[in-house]
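In this document, chain identifiers A, B, C and D correspond to the written order of the chains, with residue numbering beginning at 1 in each.
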Amino acid sequence: MMRARVGIINVTGYIGVDLARILLRHPQVEVICVTGRSAAGERLSDVFPHLQSSDLVIQAELNTAVDVVFSAMPHKASAEICAPLVAQGLKVIDVSADFRLKSRDTYESWYGVTHPCPELLDSAVYGLPELYREQIRGARLVANPGCYPTGALLALAPALSSGIVEGDIIVDSKSGVSGAGRSLTLATHYAECNESVMAYSVGGHRHLPEMLQECRALSERVSDLLFVPHLIPMSRGILSVCYARLSAEWAGVGGDVGPRIIEAYRRFYQDSPFVDVVDRPPATKHVWGSNYCHVFPQFDVRTGRLLVISATDNLVKGGAGEAVQNMNLMLGFDETSGLEMLPVFP
Amino acid sequence: MMRARVGIINVTGYIGVDLARILLRHPQVEVICVTGRSAAGERLSDVFPHLQSSDLVIQAELNTAVDVVFSAMPHKASAEICAPLVAQGLKVIDVSADFRLKSRDTYESWYGVTHPCPELLDSAVYGLPELYREQIRGARLVANPGCYPTGALLALAPALSSGIVEGDIIVDSKSGVSGAGRSLTLATHYAECNESVMAYSVGGHRHLPEMLQECRALSERVSDLLFVPHLIPMSRGILSVCYARLSAEWAGVGGDVGPRIIEAYRRFYQDSPFVDVVDRPPATKHVWGSNYCHVFPQFDVRTGRLLVISATDNLVKGGAGEAVQNMNLMLGFDETSGLEMLPVFP
Amino acid sequence: MMRARVGIINVTGYIGVDLARILLRHPQVEVICVTGRSAAGERLSDVFPHLQSSDLVIQAELNTAVDVVFSAMPHKASAEICAPLVAQGLKVIDVSADFRLKSRDTYESWYGVTHPCPELLDSAVYGLPELYREQIRGARLVANPGCYPTGALLALAPALSSGIVEGDIIVDSKSGVSGAGRSLTLATHYAECNESVMAYSVGGHRHLPEMLQECRALSERVSDLLFVPHLIPMSRGILSVCYARLSAEWAGVGGDVGPRIIEAYRRFYQDSPFVDVVDRPPATKHVWGSNYCHVFPQFDVRTGRLLVISATDNLVKGGAGEAVQNMNLMLGFDETSGLEMLPVFP
Amino acid sequence: MMRARVGIINVTGYIGVDLARILLRHPQVEVICVTGRSAAGERLSDVFPHLQSSDLVIQAELNTAVDVVFSAMPHKASAEICAPLVAQGLKVIDVSADFRLKSRDTYESWYGVTHPCPELLDSAVYGLPELYREQIRGARLVANPGCYPTGALLALAPALSSGIVEGDIIVDSKSGVSGAGRSLTLATHYAECNESVMAYSVGGHRHLPEMLQECRALSERVSDLLFVPHLIPMSRGILSVCYARLSAEWAGVGGDVGPRIIEAYRRFYQDSPFVDVVDRPPATKHVWGSNYCHVFPQFDVRTGRLLVISATDNLVKGGAGEAVQNMNLMLGFDETSGLEMLPVFP
């Protein structure tokens, strides 16, 4: 069997290097090229000793003799580098934020930059396979979702698409520190964030418009969304707790609608190999290192609210794993190919 | 100066031993007796090597020749042990839940036990000094608040008492593992809770009725409260994020009411030495090991909600420190006596 | 291709469940049966939510219609359960300590129990593939090494077998908390071991005689061994630092013998797919979740000592992964089959 | 009572800010001035929210109208700033390495810089109060010891000064991440050092010559010293395990010399309020946040070695607390003044 030839742009960030970890063991893929400006010329295994077994040398520029490219560049730079690759006919998966928002204005206002290639926004597919599986199969440019939106949307999608909830939604998310990337900051300096928890970006996080866009695509009855992310002293994992109100018709049913809601959730995800609707509150450790997402819906009889909790590994589902899942769909592979690894516990 | 003579019942739990840490250095106090059934006869410094400098031996039973008693027994057992001490005329601070809820029915339904001495519920004072300072001064029996209610109420009290918010409230709290106590469980086994975050008691936590009782005492316009606690991989600290809606009159003001809200918060706490209204989202590490509470109110213009974040050390403010603060008030000491230690950072 | 049928005895401990994680994805194996007394009758995925995708139900007793059995029982109980399985002709890999020590007396004195089946000690093979690859291929009963001996022996073996060092050896090891198992203890209670490091078993750890037996098998010039293990606030990983003196002939060479030592190390491990001789001090995170071992030898010119550091994941290499590596050899599979997963970083 | 007026140079590092935490609560001291170039003009409480209660503004330059100055500058810069202050007659405590080594050559070879004021080396006193209490009382310039030397020397001093051990010594130390300072590096980036342990500076750490100088001052029979430090995923704490051989005369005694060794240790520290000779292996958590050091000597009968373990909080004893202890001695205060806080556990 011919293996697909893939390249990774900017392998030196956490999503980039987790792409390498997964793709180096993907049975249908050969990693041809990995790039990274600052580390160009160094062996991948010297920069990342856990990849000891790889002989790859980090390149300054992409070898374009590949079938698929993953770009893990920062936003704006990513669009600039992806546009010509798409034009060349390569399949491109961009893990930056550049092609996630359909509205150029929203993008430019939240990211504070001019979009380098707004003409690609229409054809780019939002790469959440559980929502856009068919479109991804045919896509040439996939915008890999943000880590927070992945977890929040997987928690909310069944409720939104089935009309179970309406009105405003609160998403309170807790993320491991790797989500803040590999760039050095005081906030991610060990002694400052260990043994501590804090909320951040409380005035508005860039993943908010992305969540809102997709929530509204699922249901017109979403009035607004408040999103508060937190930094948790752990390396990987996002737990999102979503608070929403039952819609008038579901509230009108009376009694405990809990079981019906769970049933709707199970039905929604019956063909999604990476989402498990679980019957106890999930822990991020239950999906650690894997592409799985655990979703737990709970109807709170006392307040009439629906509470949905999701757990993901921010660097895999909502990161490198999701990107590979998108690649699998784009190349006609089995959706789970190369992603079968089970979570590492404890 | 005569020192007050104090006893600690059940010194072997985390609140108990943190009471010992604080009281052993309190300038106006002498620790006469510490008890603990399973460790009776052992030296305190053998059970807790960080208290190397103490000569105390753990007793099976309390020496009642004391002025003040702290009970850190589990609920029900605590009321049983406290009732005769109160009758004897000792000042008693109970850190269990037994005297927090004014309604015997609510207590019995949430805790699943018969209250041993419901006749004491009326005279017991809820020991949140920032709300009940004067009553505590004259109290003989103080019910030390739960760790979650302390943080949540300090976050919400100014908004509730000033009529800033109304309707239903969501409290999403993140607690360090010491909050779960010293009893061994799989959920607090290192390898299970490290590198993981999870929500728990999502069907209803026992601190909910306590929060609700006090919120409603502050404002009749609270319709309901949804409380979701989380376990965070750290030893100490609680961060609570409270979500509430502006009341009609405050919403009607128009414009950015943020500064007016902050002003109301500062005014509310101007005479409370342990509460700081801060101007950036607090981290639990900023209060680690101390009796301080940082409160951060933020008005979210986009959704019209008020977001209030509080950070405490669950074993100090909301635990042993708050109990000592109550003792200081009951004995006419300076409120901060023995509690001046600054947070340990990093 | 026929898959080998395997059973796991006592899947509910950490080695047991990591065996399940690995074997459930092993391409040449089918997990037929997992046992665990206390959890018998429960679904594996209920006890361990990270194994959501498995349909296995935990059994009280082993289904012996299997080709290979892994026993993760505690010592003594393991030998009792393994002996009849060996007699039945099954291939058995015991991860307990029961068959590691060749001397019954040493076993009985260190473990304080009578050995249930000393007659099996001679034929049992010590399952460190890097030392006993050929014997393991033909073995019916393999004694999987302890976690500490695996790391220490991989660090020392090349130096011992090449006569590079002699005299007494010090092994100072640092282990993640999962090494202490899943049984609840105060020492592994999160709040007690987080943000702390301590040495333990300083009077003599049970892995000492195992290390000594194998060191002496490699070189008669080992006079004695001092082993001090430590508990580190992390879930997985062992870092062992071994201090030894150069032998007279190697010391006599003069100059910097460092490069020659490194060369000897590389040669020793050239056919061992899981051991990498690295050129910078390894971190346990570099092998996290994988069967790899990183070994770093350094000659200290100033003191004339050889310092060798090794890093492993205690639950994989030195645990479940090593057991599967042994199974692969016993069944004639490729040594790396089912163990190709790369370390998860960060 | 007149309070001593103190200044802290470079309050923005971890030792600097822990000096502020301790001195702001010291009953005999007034903090007049704190400096820090990059943060000059900012309020101390804005840079360090845990010091909310302080009104100090960070200055660019020291106000020299003080009695005592603490310099927490990096090496070389510290000597440059301290020399004129000493000349002015101020009492100076330097927490950098500049005045620790008596030999200018050793300093210049290990630190790779020219010493700015070698003429001060003779009169500077090595600030380990347990060894140099009297000299410190009369000193004008005290060189505060390094964090590793503090722990290692407190572990070894009784054995060395009593002739219990001889020959070469190995010190294997494990440090929390705060020991690496507040400057941002990949090695201290949360996601890189969490859930990992590694040795570093294995070719020779700068604290080695300092340990060697003081060990040899205690005993001429120390032949050499091998020191290997490790980075541990925790914020604070150093555990040092020291391995040494019994001297001929102590080895000749025969039998278990353990109790005699412990007795010698207790005698050595009988007048040292911050050192406890403990009878079980200490954990760093037992001294967390305090100026205490726990020392545990253990004679290993099997190998004839003495093993001594010490636990400290690297930022207090071996940092800011030790510096304040030195100040207390220099100013004729009680040695424990302002340092009575007990360790925070858990």
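A few comments on the model shown:
Basically, contacts are C-beta pairs under 8 Å (C-beta built on N, C-alpha and C of every residue); 3 or more make two chains touch, one makes a residue touch a chain.
On a predicted model such as this, the values are computed, not experimentally measured, just so you know.
Fewest steps needed to get from subunit A to subunit C, stepping only to touching chains, is 1.
Looking at A-B and B-C side by side, the one with more C-beta contacts is A-B. Distances between chain centres, each the mean of the C-alpha atoms, put A farthest from subunit D.
As a whole-number value, the distance joining the C-alpha centres of subunit B and subunit D reads 36 Å.
For this pair, subunit A with subunit B, the centres built from the Cα atoms lie 38 Å apart. Once the centre of each chain is set as its mean CA position, subunit B and subunit C turn out to be 46 Å apart. Residues of subunit A in contact with at least two other chains: 14, 176, 178, 191, 194-195, 233-236, 282-283, 285-286, 288, 346.
Contacts between chains leave no pair untouched here, as each chain touches all the others. Taken together, the subunit A residues at the contact with subunit B in this complex read 168, 170, 172, 174, 176, 191-192, 194-200, 202-204, 224-226, 228, 230, 232-237, 239, 241, 243, 281-286, 288, 298, 300, 302-303, 305, 307, 309, 311, 346.
Touching subunit A in their complex are the following residues of subunit C: 14, 17, 21, 24-25, 48-53, 178, 194-195, 235-236, 276, 278, 280, 282-283, 285-290, 292, 294, 340-346. By the touch criterion stated above, subunit D contacts subunit A in their complex at residues 14, 176-178, 182, 184-186, 188-191, 193-195, 233-235.
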